[in-house]
Amino acid sequence: MQPIDCLISTPDKGSAGKTGLWRTYKPIVDEKKCNSCMVCWLYCPENVITEGEKCIEIDYEYCKGCGICCEVCAKKAIKMVLEE
Amino acid sequence: MQPIDCLISTPDKGSAGKTGLWRTYKPIVDEKKCNSCMVCWLYCPENVITEGEKCIEIDYEYCKGCGICCEVCAKKAIKMVLEE
Amino acid sequence: MLKEITILSFGGQGGVTAARILALAAVKDDKFAQAIPQFGAERRGSLVKSYLRISDKEIRRHSSIREADVVSVFAEKILKIVNLEDYLKDGGITLVNSEIGGDYCINASKIAIELNLVSAGWPIVNTAMAGAMAKILDISLDSLIKAINETFHDKLAEINSEAAKKAYTEVHKCNQ
Amino acid sequence: MLKEITILSFGGQGGVTAARILALAAVKDDKFAQAIPQFGAERRGSLVKSYLRISDKEIRRHSSIREADVVSVFAEKILKIVNLEDYLKDGGITLVNSEIGGDYCINASKIAIELNLVSAGWPIVNTAMAGAMAKILDISLDSLIKAINETFHDKLAEINSEAAKKAYTEVHKCNQ
Amino acid sequence: MKTIVMPGNPSCQGCPHAIGLKALGLALEDFVLVIPAGCSTIIAGIHPKATLNVPVLHVPFASAPAVAAGISAAFKRENKKKNVVIWMGDGGADIGFATISGSAVRNDDIIVIVSDNEAYMNTGIQASGTTFWKAKTTTSPAGKREDRKDLAAIMLMHRVPYVATASVGYMNDFIKKLEKVKSIKGFRFIHLHSPCPPGWRFDSSKTVEIARMAVKCGAWILWEFDGKFNLSPASKPYKDKNKRKDLKDYLKMQGRFKGLSENEILEIEKAIDKQWKYIECFENI
Amino acid sequence: MKTIVMPGNPSCQGCPHAIGLKALGLALEDFVLVIPAGCSTIIAGIHPKATLNVPVLHVPFASAPAVAAGISAAFKRENKKKNVVIWMGDGGADIGFATISGSAVRNDDIIVIVSDNEAYMNTGIQASGTTFWKAKTTTSPAGKREDRKDLAAIMLMHRVPYVATASVGYMNDFIKKLEKVKSIKGFRFIHLHSPCPPGWRFDSSKTVEIARMAVKCGAWILWEFDGKFNLSPASKPYKDKNKRKDLKDYLKMQGRFKGLSENEILEIEKAIDKQWKYIECFENI
Amino acid sequence: MKTIMTGNQAVAEAVKLSRTEVIAAYPITPQTVIVEKLAEMVDSGELDAEFIRVESEHSALASVYGSAVAGKRSFTATSSHGLLYMYEMVWWVANARVPLVMAVVTRTIGPPWNIHTDHTDILTMRDSGWIISMAENVQEAFDLTLQGFKISEELNLPFTAGMDAFQLSHTSEVVEILDQETADSFLPERRQCYVFGEENTTIGSLAPNECTAKLRKDTFETMLKADKTIDKVSKEYEEITGRNCGLIEEYRIDDAEYAVVMMGAWSGDAKDAIDELRKEGIPIGLLKLRYIRPIPQKRIEKVLEGREILVLDRDCSMGLGGIIGTELKSFMDDITNVIAGIGGVDVGVNELTKLFRKFSEDKLKDEVIFLEVI
Amino acid sequence: MKTIMTGNQAVAEAVKLSRTEVIAAYPITPQTVIVEKLAEMVDSGELDAEFIRVESEHSALASVYGSAVAGKRSFTATSSHGLLYMYEMVWWVANARVPLVMAVVTRTIGPPWNIHTDHTDILTMRDSGWIISMAENVQEAFDLTLQGFKISEELNLPFTAGMDAFQLSHTSEVVEILDQETADSFLPERRQCYVFGEENTTIGSLAPNECTAKLRKDTFETMLKADKTIDKVSKEYEEITGRNCGLIEEYRIDDAEYAVVMMGAWSGDAKDAIDELRKEGIPIGLLKLRYIRPIPQKRIEKVLEGREILVLDRDCSMGLGGIIGTELKSFMDDITNVIAGIGGVDVGVNELTKLFRKFSEDKLKDEVIFLEVI
């Protein structure tokens, strides 16, 4: 590596490591309630929500468990449960 | 003189020397017209006009001859004449 | 004798405060002590290292601790992301906030939650962990409580003392 | 041979420009030349010193001229505030914008006013004075006119050349 | 549509900047980001990994609009159509206000977004010009005494082509504004309201709720000037003071307002009313 | 009444700053002056003589309000009632705008006077933020293209206790404003219009006339905000566009506008009209 | 009173005990806590002073320049980019001969952004006429700050109390704090060579060139004699506290064949390293610089005379060498200069032991050596 | 083309001939004319470039940092307080390894306000990683600016072209200007080690400490090797123009017993003074530094070896000595260091003759001497 490369960073997941480890509470989606309106996707600061087959999916490796998805969901389809 | 005195200046006339020398035109007051309204005094940038016995007086040692007094005088009591 | 301790915690768990409280307590025990927070620039939530030195002589060094006599782990999850041996001197010992795991263990989270020491969802385990560490480091409970009382006020001082006391008595050797 | 000239003028009279024009003219005469404005921080109207060096060798020095071969005075009034000898080498000569006074004299103000070279009430005597100085300094009128034409444009170039020419011919020894 | 924010970055849980940054990717197409010192310096990732999937240039605290002007000039030389976007905090707008103002006066072809969490968060919650009335920070331990600096109003008086306010609680509104802004030429300014959980002392799940609450109680007013001044739809109802939610509810949700007296709350209310008065006056521009 | 300006100082003939400075002595009683870099640095005199018969502190270009805040704090410690007055140019307001804005936000107990000759004169007529539309300066040789920065309006949006405009052509108005301002506490701002003979290229005798002409053609608007916004008497008539003098006459008097096209003059006129529109809107504050 | 405190807290305490009347500062990691602490003290009334919450560092130093020139004891603090941002004021204050104290928490200059210690930032002040001190530990950070006011006011030169980022600023250590009475007995009423606002004079006018030269010469000479003032003040302080904070500290150097010169927090690690090597029988010692300006050449020469010298710099002048190394080389010969710990790279007892051992084995060439890591 | 021109104009010409694409600058006496001239050229279309009329020097350097990092040849200019005001950016640009050129017209720092030359301002850049050159005359100001772009772009380090206030900036002298074609043949297309905006990468992120150390070490080493690049470029330039602008200039030093070292405009006066003294039979010569960074130690040592050395500084580091003097002393012995001409005090042929004569009579003590006037 050239020294100059120290000035240059490349986009990648996990610049702060596996931030899933930061979670105290974990968002759990209720497939029955979720209608994939994607509001949670819009507001998730970590950008870990994607559109799944049945309902949204969360990348738990990086989800920090902030709870915003749960709060913005009009259908109350996401619950925050204490991490093991 | 202490070196520190180099930082300190004292108010005095003629910080730029005898600025009367800068004049090309010289303001001449017509005592008959001047009613000592002191408007020229108010606007003279050089602050060389004072209230005199009969009419205003000008300190020619420092008057730069800008001509403002002449312009602001409603009585047209001041004329600018070319310096010798 | 110089003892060097490394605390591993997540931001917000109070690792830095714990080190500071223990240093203060050690001073009250007439020792020399030093608490160094290893601040990364990371925001809340990421791994924070704090260092604690205790000695009977003046402590002059200010570098970080690379190989500690004691490593204190504030969250079990940390074990998943770091290799404790990287932080530990040969023959050094570990203390973990957990029911199992580490040479010593203490369920500090439980103590914190019981005492409602929770902030933004996180159990604040610093005083409980400090209590457990004090025991292991031969710091008197008395000095520790004094240090806690100088750090917190009123009600908070009380609860935190409580947490420390509890952990001080509950910390135990682990048999993994 | 190095000739050092000091120009004394009031701000706005164009002393700096005169030095520059003369330097340019000298270069056109295949000499080396240098024009240094001694800028004080004074505003318009105050005494400005400009320096001019002409030589047949490269001019390397950049300091101001303390004792000049020629002192050129752009306004008679200046004589009242400075002692020309302070600026002059033993045996140096003076040129004054005046009818009388100085070793040489030229009524540059008159020339300027005649040609309507007036700005904000001031006659701009720089080119007239340059003409007179050129004569004294052995700079060819031809080069001077060229230099003026590179400095001014159109009508202004014309009038200024006119002024220079006039002064070049009119400048004369003074008998005080 | 591109969400430029990579998962697993160093932002705090519930970080408003992270939400706001997502909108950029969703609304803008070809752009580069300039980031002065602030939380976003860190959010943008720690070498060798980067958080944001666009070109990002870190720059000194007070320098962003000037650097952006330079980049914009460079792009102009090549007829590149890339938008140069600054993402800065309210602190950057304090120390760098001459730079912002100078850039506005030049009408540089850049977009300036001030993501306002109402304090210097990266250095640990010190009061800034925009810190809310009476809010406690480490440099206003008894609550901020000074008026809240109305950045957007001040920028409006710079008579630049575009000025708007936005909020991380109203992403669609923010995105719409960005979409409009991207094809305007010249200096464009968006003042984004960004409630910060650790800085304001509320639970990380409440970022969006609190942002919305600010709008609903009239404390944060959404508007847009694009030649014409308009209240944004989300704020329109609250012109009518009676329709506003109770300010107390907004304050109560945040640790930074702990221990406010009734009197102090009244003072805040007055300040908010005054703010609305200015808005009314802008509606005549 | 004290005229603090000593005769024989280094100002140019007809210098507007010199006129303006006189008003300070006439209106204020116990005060000190802080002067950042600019023509006034020189006007204040060359060591060992000083021009101004009050305590004067020279300070770096961008620093004046911050230094003044420090002095004001020092005076407060001794319960001194001295006013701390800044006398700066429009250039100082460019580079130091963050400093002015920061001071306004803190509501420092100081008086800031920007004596605006619409360019950087001390360095030889370079364009500043407030340079008039289309004016030629050495850095806008073809005429300034950007909008004129409306400093006073921007300061008004800082919601400080006092903001006003003034003119060296209306000394009594300026003095009256200063007299009012001296007993107000907090941040006070006066934007003084100061036509400069060499910088604008007009004869030194015309300083006052041109200043008045600016007001009469509506290009410079005199107003005051002391809690309430008011057009000053001298400007009141010109709210009615029909009453305004011909803009062309104003422009024609100045070398810096030489060679303006009809179209350009029209543009300026529009800009002035726009300015009045803002004024109308301020009248509702 | 003995307690533990971080460097930042200790500085704030010293400022309080000095009865500072005006404080202005702008936050920057790792200095922030000083500002916060003082803001809190002022807000709570614990410290009777004005706190100006400025919008930048340029304004921070400008504000305290204003208050100090108007006669009040004043304080600010900064670091790294903050110091660079106020750099114009740094020179202005020194040239104006205004006494005041500023804490500088040394931090690496970016890019890349980096909040950890190296000394390049504070050394940018070295030409300007500031007294520059650098603490080894929290106690010294406290002591130097307190003495700073006295030294500054006697010399009419501004004073910097430097300390390393995190290693001191955020490290809690045992520290002995004076009580107010003792502090008062040590620190007299403020004095300074002129006060703004008392007379109708103008300060700092444009002046003939010779005036500038005269002023600079005076500063130059004042700095050359400043060692005497520091000796005097540190002796007075020692009498009260038992702690010496003189220009230099000698550690096991009397009989040393090998001498290391350095400053700042890692000097403590160096002492431990030297103890290690002494155990091995290696005759090595330390000359710690507590001040960079004034730099007591004669004294340093005397202490180092006849020994092998290693100057360890946590800073560098690009293309030349370590800054302290270069300065020492300018009046002494045969110096080995090593640059290390740049960008906050951790250098501890182990690394220093290794390095010093190599030095004592004459394995470092007599040149400038730039180490990424030791 | 031979003509006369002031230093400011010559620099503007060089910038034009370099096909600079972005210019941002803020006026300050005595640099102003550079800005005005370039503004005029851009406005008239004579120079096809963007001119950004910034509101401060911090923004001036920030803007050209932006344009340069985005790939465009960029230029700014400043002086004294302006340089101090942009000081944060000075370090940033160097640490970011971005090539660009800045002219610095050296001027005294206030207070008192003073617009005349001394070299203390430009020397505040010496640690930071900028290439620093200093012209003796207008021709060199032109030549160095033009070469600056090439040197900067080869080394990925920013370049300063220094010249004295008024003595060069405002003095009209004979100068030979290249035509555009020749300039083009000399100066290739811009290159730089990375360009911002082309890839989705982030520049300057927070990084582990070791990254900073690695980068600084690389700059340090690049600067150590920069003499080779300057040799190469100045040779190329010499081939085209016949003028050498290498790191140093030797004047009548071959057989000199006494050697004077200095830089800047007064070196010309020194040459005249040396000619005077030579006439008297005094064997004296001059080593002129055209660059301060890189500083070619070996070469200087070689030239000065065996001679009595006087370093004449128009700058000073308070309490230590002249800055150039100190740096030379760090690698050579027995140097007499005189500080003079501070605050623009006029030092001409007469004064220098007097001083040099005294030096040749061994009447200057081997110490630092600070002269108000000579």
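Each chain carries a letter (A, B, C, D, E, F, G and H) given by its place in the written order, and its residues are counted from 1.
Going forward, contacts are C-beta pairs under 8 Å (C-beta built on N, C-alpha and C of every residue); 3 or more make two chains touch, one makes a residue touch a chain.
Please read these numbers as outputs of a predicted model, since none were measured by experiment.
S.K.: Suppose you hop from chain B to any chain it touches, then on again the same way; how many hops at least until you reach chain D?
M.R.: Minimum number of steps from chain B to chain D: 1.
S.K.: For chain D and chain G, what is the smallest step count along a path of chains that touch one another?
M.R.: The fewest steps needed to get from chain D to chain G is 2.
S.K.: If you tally contacts for every chain pair, which pair is highest?
M.R.: The chain pair with the largest number of C-beta contacts is G-H.
S.K.: Would you kindly say which chain has the C-alpha centre located farthest from the C-alpha centre of chain D?
M.R.: With centres defined by C-alpha atoms, farthest from chain D sits C.
S.K.: Taking each chain's centre as the mean position of its Cα atoms, how many Å separate chain A from chain B?
M.R.: Their C-alpha centroids are separated by 77 Å.
S.K.: Rounded to a whole Å, what is the gap between the Cα centroids of chain C and chain H?
M.R.: 55
S.K.: Multi-chain contacts in chain H: which residues touch at least two other chains?
M.R.: 29, 53, 55-56, 58, 81, 85, 88, 92, 96, 110-113, 200-207, 211-212, 214-215, 217, 346
S.K.: Which residues belonging to chain D are in contact with no fewer than two other chains?
M.R.: 41-43, 45-46, 121
S.K.: Send over the residues of chain F in touch with two or more other chains.
M.R.: In chain F, the residues touching two or more other chains are 10-11, 13, 15, 41-42, 45-48, 50-53, 58, 60, 62, 94-95, 97-99, 101-102, 105-106, 129, 197, 203-204.
S.K.: Quick one: in the complex, what on chain H touches chain F?
M.R.: So the residues of chain H touching chain F come out as 26-29, 32, 35-36, 39-40, 43-44, 51, 53, 55-56, 81, 85, 110-113.
S.K.: With touch defined as at the start, can you tell me which chain B residues reach chain F in the complex?
M.R.: Result: residues 5-6, 9-20, 22, 42-48, 59, 61-68, 70-72, 80 of chain B touch chain F.
S.K.: Give every residue of chain F touching chain G within the complex, in rising order.
M.R.: 32, 34, 41-42, 44-48, 50-60, 62-63, 65-77, 80, 82, 98-99, 101-102, 105-106, 108
S.K.: Using the touch rule from the top, collect the residues of chain A that touch chain C in their complex.
M.R.: Of all residues in chain A, those touching chain C are 16-19, 21-22, 24-25, 64-65, 67.
S.K.: Can you list the chain G residues touching chain B in their complex?
M.R.: Chain G reaches chain B through residues 96-97, 156, 193-194, 200-205, 207, 211-212, 214-215, 217-218.
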